[in-house]
Amino acid sequence: MKELILGKLSMHALPHEWFTIAGSVSFLLLALTIVVVLTWTKRWKWLWKEWLTSVDPKKIGIMYFIAGGFMLLRGGLDAIMLWLQQALSAGEAHGYLTADHFQQIFTAHGNIMVFFVAMALIFGLINYFVPLQIGARDLASPFLNTLGFWLYIGGVIMVNMFFFLGGEYAATGWLAIAPLSELQFSPGMGVDYWIWSLQIAGIGTTLGAINFIMTILKMRAPGMSLWRMPPFTWGSLCSMIMVVTVFPLLTATLFLLFFDRYFGTHFFTTMGGGDPMMYTNLIWMWGHPEVYILVLPAFGVFSEVVATFSRKRLASYTSNVLGMIGVATFSLSVWLHHFFTMGASADVNAFFGVMTMVIAIPTSVLVFSWIATMYKGRIQFKTPMLWFLGFIGIFAVGGMAGVVLAVPPADFQLHNSLFLVAHFHSNVIGGVLFGIFAALSYWFPKITGVRLNERIGRYAFVAWVVGFCLSFIPMYILGFMGATRRLDHYDSATGWQPLYVLMFIGGLVIAIGVALQIIQIIASFMQRRRLRDTTGDPWDGRSLEWATASPPQAYNFTTIPQVEQRDAFWHMKQQGLPKPAYENIIVPKNTGAGIYISAFAFLASFGFVWEITWLIVASIIGVLAVFVVRTFNDDVEYKLTAEQVRKLEAERKQKDEAEQQRKAPALGIDNSEDMGLRDFTKAAATFGLDVIRNKRWRTWQKQN
Amino acid sequence: MSSNPKHHTEHGTTASYIVGFILSLLFTIIPYLLVTKHKVSGTSLLATVLGFALLQMIIQLVFFLHLGREKKPYWQSSFLVATVGLILVVVVGSLWIMHHLHYNMVPTEASKKLVNDEAIYQIGGEQTGACQTMGPNHQITIKDGQISPTHIAAQKCDTLSFVNQDDEAHHIMFGSFEEPQPYAGEDMLSLRKGRAKTITLSEQGTHTFHDHMHPETSGGFTVLP
Amino acid sequence: MADMAEAKLTEHEAHYNDRVQFGFWIYLMTDLLMFTVLFAVYAVLRDNTLGGPGGDELFSQPLALTETLILLTSSFTAGLGMIAARRGLKNQVLVWFGITFMLGLAFLSFELKEFAEFIHEGHTMNTNAFLSSFFALVGTHGLHITSGLLWMAITLIFVMRRGLNGPLVRKLTLLSLFWHFLDIVWIFIFSVVYLMALA
């Protein structure tokens, strides 16, 4: 009877290890804090109406940033734990993690960083800025947008669920290669959590990509041909087309693994005629293009940043775009380089080795185009440009390491060594993450209306680069010395320990860099009077997103701009900006359908993990029911008349002016320049004391 | 080029659906008859069936899905072409890779490869018994559950083909039913109906074989030096 | 022939219909790729019968032909239903799609019968990799057909109650795209699974 209701759930599933208790308590405390703040400030309805059910891609973008940022901290904590273990665990000492726990941590670290940090932050950027850049008001399907976001959140919850119930995550590495991930060798529910968190998030990603492609191809402003689109939009288009091409492969493969575990089929089992090597083949067919999916929007961001901060237009737009298309196309023909050592023999290895090296060519075209843009430009070393410079150095080294690995005989030595780990982290951190940082610092004024504190930004950048070098240069060296990846313990006679300790220290320096980035944001808001962006165009930008207020109104533009050239906004500024005009705007209504469907999808997945049949059936019915109700509901939009738009614009102008007049908090800082760390500490202390002494929390409640 | 074209739903006439339907019927029935009447087999069967499938797919794309009638830019057709390209990469790529992996990595195949294909006839001074050249071919046919001839004599390094002319599959193993032994690296020869498999007679002596599903179907061969 | 349904659309609705149809087409491409993985897995694993019977022994080609002809006809009637939809002829729509629904149901029942027979004889998806791949590929197609029938039923009920309005014609368009696409996938299942078993 209990089995019927609860499936495989039991008291034993509740947290009883130190890390599951710690994790559960942390999450609960966080949830409690949020609940308390929302109740105290009476903001539940506001949260639901203004944010959770919103279909505005700008709001959804910000929610992606918040969730992705949070998961970055979670994945970063995993990394620190791993480094600490490796620094301690040499010879007689065995560190503080069991081998199995260590394996779960590196699995979770990989999954979280790829799926729940990088994809989320990139989706946030595309959501926010592609409609602005192409002169559109919204994405093609606002409903699919919110659905995709909440499915992602379902994945986030699922990947953290094991803390509360089950106590174990997959211990198989981030791709859960068969047969280790089969029931025979992973009998617990960890791999099931792995499967379903990726499956939900993956479907959300695919739906989102379809939405972005529809938007870019069908909703550009009049006059904006494909060859007049900004490079970030191009990078996003290439990336999203890749998503729709390869994520179905992942979805299918995950279903097959799920079938093996749940129904006892024999796709990848060692017995019954299954072929585990086919799993490796299929999963890397997805896995390799995935990393290019992550990096192409970053390339697009860098093209914009380099042009803006060199005060020059992008040198050779055509080769830049063709480079991105080339990377996207070739990335579909290289996947076997992840398993040169599996034994497919010389001709197969040679073909894929050559194709892997060929990818360096379009990538180099991009690098040369950026360098050519900087040449004879008037370079401004603002934060976004600093991130670009960090990227160029680190990504190039990582790329060269990749070409080394592309040679099969060399790979036979270096496969699954720390050299490999250093290679892909150089590319993912140097390329994707620095790209995201550059994008966020470039577009921060647009999103918030406040420019970023440059001084602390420089400190953060230096900390990141120093930390990265401290962590990853030893890793390259260790790779050559023979250290393999995923080692939780090694012989002290190897002499590796000092390098592992260096890596851990580097990790701490990176953590300082992250802290500095958070401080940078807080400090910018503290000095917002000084750093306010009143024009909407703080960098003298070239593309259409700068033609709006900071932050933009919900409908982006009062009238859709007419585009005549590449660098549309730059051109408009030369011609003289058009007078404001107003027209009727059709606005999509908010909807909770995305939340409900994702909640049911999450429950169904939970049911699959714990084999609770009634929950599975009920949840699937729930998904279908909400979907049908939503899609057969024809009343999903409302109209804003031109008069109403004009009023909204006038109100906005008034609000901005009132904001400027408001008294700044007396924080005792010099507002003539960006504050440094000492000033920040002083200001934070003053603010904190002020809050405590004058019991300011009471006024917050009253204000709301 | 502007991205606000008038909506261009492509739709067809009753005539186009009828034509598509009839052609699809034809391209279904023709390969069906060719295959079930055994007019094609082996590689030509694969090619024929795939060819007709592709033809019918194109017919249905044109007449049911109206693919040719899209206005510029041809987004739907472009995506379809790209998808077909990717399908080829996935299928052909997987087949090529997995074929090589099986050839190199599957244990039962590996010893056979060692002995026969790579003609490794000496390891550490010991003869493996592999053949440097292959002799003439002998045939044993299985029909109606009967083996003919029930016993053959051959020279070392001749080849022996088992041909299954029955309607059901046969699974040839060597040695007795109670204690099957591998011969020349072969554990079991699975012969589907109409199929044949050939082995190299690299081990001397008199050996027996049987159908593991029907042990009364059995025979033997003698390999002379 | 008057395109009455489309003449009544505003430009906004027309653009929306165009986008949605394009987006749905891209979804169909992703579905095709999912099926491709199942086909690739079938191609790689189909000889792994562990000595058990293979497709040449298990499959009934006449049954497969029956299923193919049923599905092909249903694709044809769906097309005729779409022509009626664009002309705004509600009753014809109900008739043609009703026939499509019946044919789809017939297809499913033949397929379920085939599965039941295999399982009854002890050839389940757990027996060996060949059968796992067969059930996954053909079963996934069957699941898609089932979803399509569910979609069809709900849409037809709405057509009966609300009449043929713009959004419903759009939904029928997407549904017929889906249905034609499923027939195309079936052509390959018929060819690769059932006919090639005799190779």
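Details
Which chain is which? They are A, B and C, in the order written, and residues in each are numbered from 1.
Convention: a residue touches a chain if its C-beta (ideal position, glycine included) is under 8 Å from a C-beta of that chain, and two chains touch if they have at least 3 such contacts.
Model, not experiment: these values are computed from the prediction.
Look at the CA centroids: the one farthest from the centroid of chain A belongs to B.
Ranked by C-beta contact pairs, the top pair of chains is B-C. Centres computed as Cα averages put chain A at a distance of 36 Å from chain C.
Spacing of chain B relative to chain C, judged by their CA centroids, is 28 angstrom.
Centre-to-centre spacing of chain A and chain B amounts to 45 Å, using the average Cα coordinate of each chain. Residue numbers of chain B whose C-beta contacts span two or more other chains: 4, 75, 82-83, 86, 90, 94, 98. Contact of a single residue of chain A with at least two other chains is seen at positions 217-219, 245, 249, 275, 278, 282. For chain C, residues touching at least two other chains, in rising order: 15, 18, 22, 26, 29, 32-33, 36-37, 40, 44, 49. Against chain C, in their complex, chain B makes its touches with residues 4-9, 11-14, 17-18, 20-21, 24-25, 28-29, 31-32, 35-36, 38, 41-42, 45-46, 49-50, 52-53, 56-57, 60-61, 64-65, 75-76, 79-80, 82-83, 86-87, 90-91, 94-95, 98, 168-169, 171, 188, 190, 192-193, 212-213. Within the complex formed with chain A, the residues of chain B that make contact are 1-4, 75, 82-83, 86, 89-90, 93-94, 96-98, 100-101, 103-105. Of all the residues in chain C, the ones that touch chain A in their complex are 12, 15, 18-20, 22-23, 26-27, 29-34, 36-38, 40-41, 44-45, 48-50, 125-130, 132-133, 135-136, 150, 154, 158, 165, 167, 171.
Chain C makes touch with chain B in their complex at residues 1, 6, 9, 14-15, 17-18, 21-22, 25-26, 29, 32-33, 36-37, 39-40, 43-44, 49, 51, 53-54, 56-57, 61, 65, 68-69, 72-73, 75-76, 79-80, 82-83, 86, 173, 177, 180-181, 183-184, 187-188, 190-192, 195-196, 198-199.
Here chain A touches chain B in the complex through residues 217-220, 222-226, 241, 245, 249, 275, 277-278, 281-282, 285, 332-333, 336, 342-345, 347-348, going by the rule given at the top.
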